[in-house]
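What follows is a single structure, written as structure tokens, with notes after it.
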């Protein structure tokens, strides 16, 4: 009974490594272990990004699901995702509105800025001591405001820029060049440090706000931190990979069902690895379906969803 | 020592009980009584810092609650409430271990002393066989014991319990009273707990604090309480 | 309808319209089988009855929904007829800027259209749902017609749709002549190009880690072919293609010219992305020389009415004869 | 205290009637009370549709929120919405895939068919006695599968057909002609009859599945009925108006905060009226913003969301 | 009459108690006792049809439970569980009124008799002043009374209560026992309730059903039970 989490964790790790290895030696150009350009400029960034981004999204989903005690919570819950998208929308489509000196600001920075503004709004609400249900509803409103704003922007923008934005918003782990990878890894590293702050507190929080407080948690500060960490993770990923929603919601469920524990110190790495594996898995599928030009999000929905649904359905007793 | 002066407790700025004053010393074992809805739970939550006081001061060792960090308070105080816990896949030993979290390091790792503290309490409460069970799959009484264990492993100086004997069977109730007495005497823990079970506690506690229906807090030893006739009057018995 | 057709204009390039000339009126067929719309264009009293919807041949108040619908106005100097447009900041022609043109809603709000009392509303759509909506709007006495120029592939076919549009302004014969002129100048250029050496043309850029390029049967592909170019990464589709970078980096042909399909101002963004390394030595162009202040491109406005100029641009880009100064394209430096 | 619900209900009714009246005499063509064509062919259908569709969406949101005890539940929760969209996607874009005789099938019918297939999947799951949390997660998976399917369809379709679909999927209460109105009203009437079946049962359900069962509820049958009713309402609206999400989630919260009761017999009409008012309100805004080409959904997000957020924020004590 | 024969109860097809047989007649007042986790709650839920039996039959007036519609059962049975209720904006009178829902029409409208039934029970439980309050704002004891009221207004033939005296103050406990006795005698309701409060019930109930730690169900009158020494043995008292 006690070994189950360990076994599960190790298998997730093995799957992740296996998928990475496959993706490194095999791609659209077939088996290829020679061409340095393809290996290091194309495959390596893609693998790194999928690995980290998948894990980061999944972890942020876990944080939000535990915090809100809501199985529907995910990276797009509080409008953080939408905020980042809005930033990118400005960056991509801003050409027609913004003064020239603004246009140079990179997509990533703009995504961060967008997510940050939503974060400040949320932080303000947290500081007002709103209940979690108020927070979730207000977050929903922020999200729908932001996405409407984006669609208005899309409406007002020349088609080529819109096309660029729409392509971006289909989500992809392949958009990064080898030059971007260090930045992204830096963000991911910071994100993982952030994540490491959470397990103990989150464990306390699981049994309710009152008990958490009685065990020495500053609940207000914790909420603030949690929203900060989620914003940071989601914004980092969205900035580089576009909005990818599915992994963040489903990976936590999957990991918890395998691992059958609530201890976040065990669950968090498992969730991270499941997120990574899901991301790598879509990359693998993309190789075989390249002629259909499917988006990452579509593959997750089209192939990931039924597979996961079948698994969950079979395992329904434990849900 | 926890002292409170002119304390008003209540919800949404409407006070339910006003002008409460008193003190809880380490080693005290005190039962809080009063009819349903008089404000016991609210008082307990307030004095343990979980619920904002409407007015008045609460001091822990002469320092106002508002000046102490939650982390410091957590090493001094522990509580058991009547809140239900909803957590999937939460195992009993994990839940009890959480009680040690004010003492554990950044990751929440256990040292030997943490393990011993847990071991001891789990033994005293006789719940060793529940250790690997899921909390959500326990019976009501089992859950109650586990929650008590979590608070006790926190090795607090002061312990606030809201109706701790709820759902417990007769032997467990008696055991619990013995345990509380033991903890208050041997570990010098100051314990304040609400209860409706007069016969069970009469012999064990140092004081009974009775909130009468007018909201006045009476503090007397069980004997004095009986002689004063306050209990009989308040409970129509 | 029972009257005799005097003559029929069957387009030489365009596939999706036909104009039948009668004594007092014209009957136009437009659309893609099985959804073909037949309507009548006429003014004045008719000596017959018809169930067909009747448009005026003397449109004074014109509402358009695409930049490709308005370029013929410039040819005819009739810009002032445009009273409503979907997205007025898309318009490039400066004459439109001085006019009062109402910005109409994307979803074609009937009441808004009615309030402009238009003689003609030109929209675009391509299926039953669209045709159903047309019939609904016509029932509300809103004269809507679909322009299928987007469905055409050949640049000349798209230009030929100006004849269709001109019918509603009684300018179809003038427009036919104009089109003939453009056609011959296009074909002249095409003939000249046969003399030049074929050049390899790379189209597209990296989007989200995929090479995005035009379809091998698209309008751009036709222009490149006619200009004497050999399109690399050629597909058999009209639609935009995305191709795995791994495959793109493996192509063996050397590109002579590169038409990027983005809004780069210069080569800086390209140098920041090492995945373009293979192509950094290829001269790169894009078509953003003429943008209006909101960033919208004249390529999609006047470009449609002047396929000969488009071809000249591309010929110049490919062969660099120096015989033509570029209209829409510019080299990235 | 006792009169509060009555007052709230009457005010909602008054607002709804007022908005309808304004929309009848005022439109893009300005004040106009003469032109029979505009009044009856344009404004009347629009008002009827907004009134009914808004109410239907809001009510289905209420049912789902109460049933799943989840404030995030809305018409797009279980994939019903996505199912209907898929149907319409086939109807609109099918030209290139389907045999000709299929193309004649109306949009509304296809929407119904799409929603129905999702409904059958859900009904199958209900019949398997899944817990509500399993149901919600599997619903989520169905929804993301379906929407991915749609985006793949969009990807494979020539751009013009896509445009029709995209316009439709922006949502609008104006797409109906006076000839369609009787059909829509018929569906709405049936929907309202369906809705009338729910309050008593839902009231029992509020205090938990066990107690509901002990008060004579056949919980299985109830779940089935609830999903049927929601599917029917959402499919009817989506078929004619496109996917409109926001009203369904927010109207129930708003109504409940005003009415401060849990009795569904009071809450349901309030929610219906709030939904109607929101829909009518967007129509009003549309008149004044026509040059910006805002979609109904955008207006709801851009103007509705901040207004509602401010209100909720002020009223946060009661949330 | 509710009869059960060779009944096995448990979770996930693992039986916790097996081979239970017995019957509950209208007018019976029976206390169910047993140590924590022995299976009282599980047994109560099963016999009231809320939880599937693993094996064996339960019959209501000679008809198997599986053959009777939930609506019919609801007019005969009512329950109070230890589940917490989470419902915003739910008022006490609305919650109690739900107890009448098996009798009300399609809309849930009250007839005069429904109103009277509610009135009577609310009076007997002394909770008239809570009527307009929000259920979520009540104290634990108040909530318990309201839940009891909901079950009682259902005017069932049989009533199953899981630890009904939980959270109640001393006078309320005594009142409740009186009320249960009254209901069983006057309204001929068969009542089976679990409890840990031996002294409270001893004088009032007709029978004590004791589940011993081996899972055997002993059915005796309180006197017999005392004489048999089973209680003492089981509870170590």
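A, B, C, D and E label the chains in the order they appear, each numbered from 1.
Here is the rule we use: a contact is a pair of C-beta atoms (placed from the backbone, for glycine too) under 8 Å apart; a residue touches a chain by one contact, two chains touch by 3 or more.
Since we're looking at a predicted model, the values are computed, not measured.
Trainee: Show which chains lie in contact with chain A and also with chain C.
Mentor: Looking at chain C and chain A together, the chains touching each of them are D.
Trainee: Would you identify the chain whose Cα-based centre sits farthest away from the centre of chain B?
Mentor: Greatest centre separation from chain B goes to chain C.
Trainee: List the centre-to-centre spacing of chain A and chain B in whole Å, with centres computed as mean CA coordinates.
Mentor: 42
Trainee: Find the geometric centre of each of chain B and chain C from their Cα atoms only, then give the gap between the two centres in Å, rounded to an integer.
Mentor: 79
Trainee: How many Å are there between the centre of chain A and the centre of chain E, using C-alpha atoms for each centre?
Mentor: 49
Trainee: Can you list the residues of chain D that touch 2 or more other chains?
Mentor: Residue numbers touching two or more other chains: 170, 292-293, 295.
Trainee: Could you list which residues of chain C touch at least two other chains?
Mentor: 87, 106 - these are the residues of chain C that touch more than one other chain.
Trainee: Taking the top-of-page definition of touch, could you list the pairs of chains it picks out?
Mentor: Chains touch in the following pairs: A-B, A-C, A-D, B-E, C-D, D-E.
Trainee: Give every residue of chain D touching chain C within the complex, in rising order.
Mentor: 27-30, 37-38, 41-43, 91-93, 95, 100, 103-104, 107, 158-161, 163-164, 167-168, 170, 172, 174-175, 177, 286, 290-293, 295
Trainee: Once bound in the complex, which stretches of chain A touch chain B?
Mentor: Those in contact with chain B are residues 1-2, 69, 199-200, 203-204, 206-208, 210-211, 213-219, 256, 259-263, 265.
Trainee: Given the complex with chain A, which residues does chain D contribute to the contact?
Mentor: 70-73, 77, 125, 128, 130-131, 133-134, 136-138, 140-142, 144-149, 151-152, 155-156, 170, 245-246, 249-250, 253, 292-295, 297-302, 305-306, 308-309, 312-313, 316, 319
Trainee: Could you list, by residue number, the parts of chain E that touch chain D in their complex?
Mentor: Listed in rising order, the residues of chain E that touch chain D are 45, 48-50, 69-75, 77-79, 81, 83, 85-91, 94-95, 98-99, 101-102, 104, 106-108, 132, 150, 154.
Trainee: Along chain C, where are the residues that touch chain D in the complex?
Mentor: For this pair, the touching residues of chain C are 34, 86-87, 102-107, 109-112, 114-115, 124-130, 133, 136, 139-141, 150-151, 238-239.
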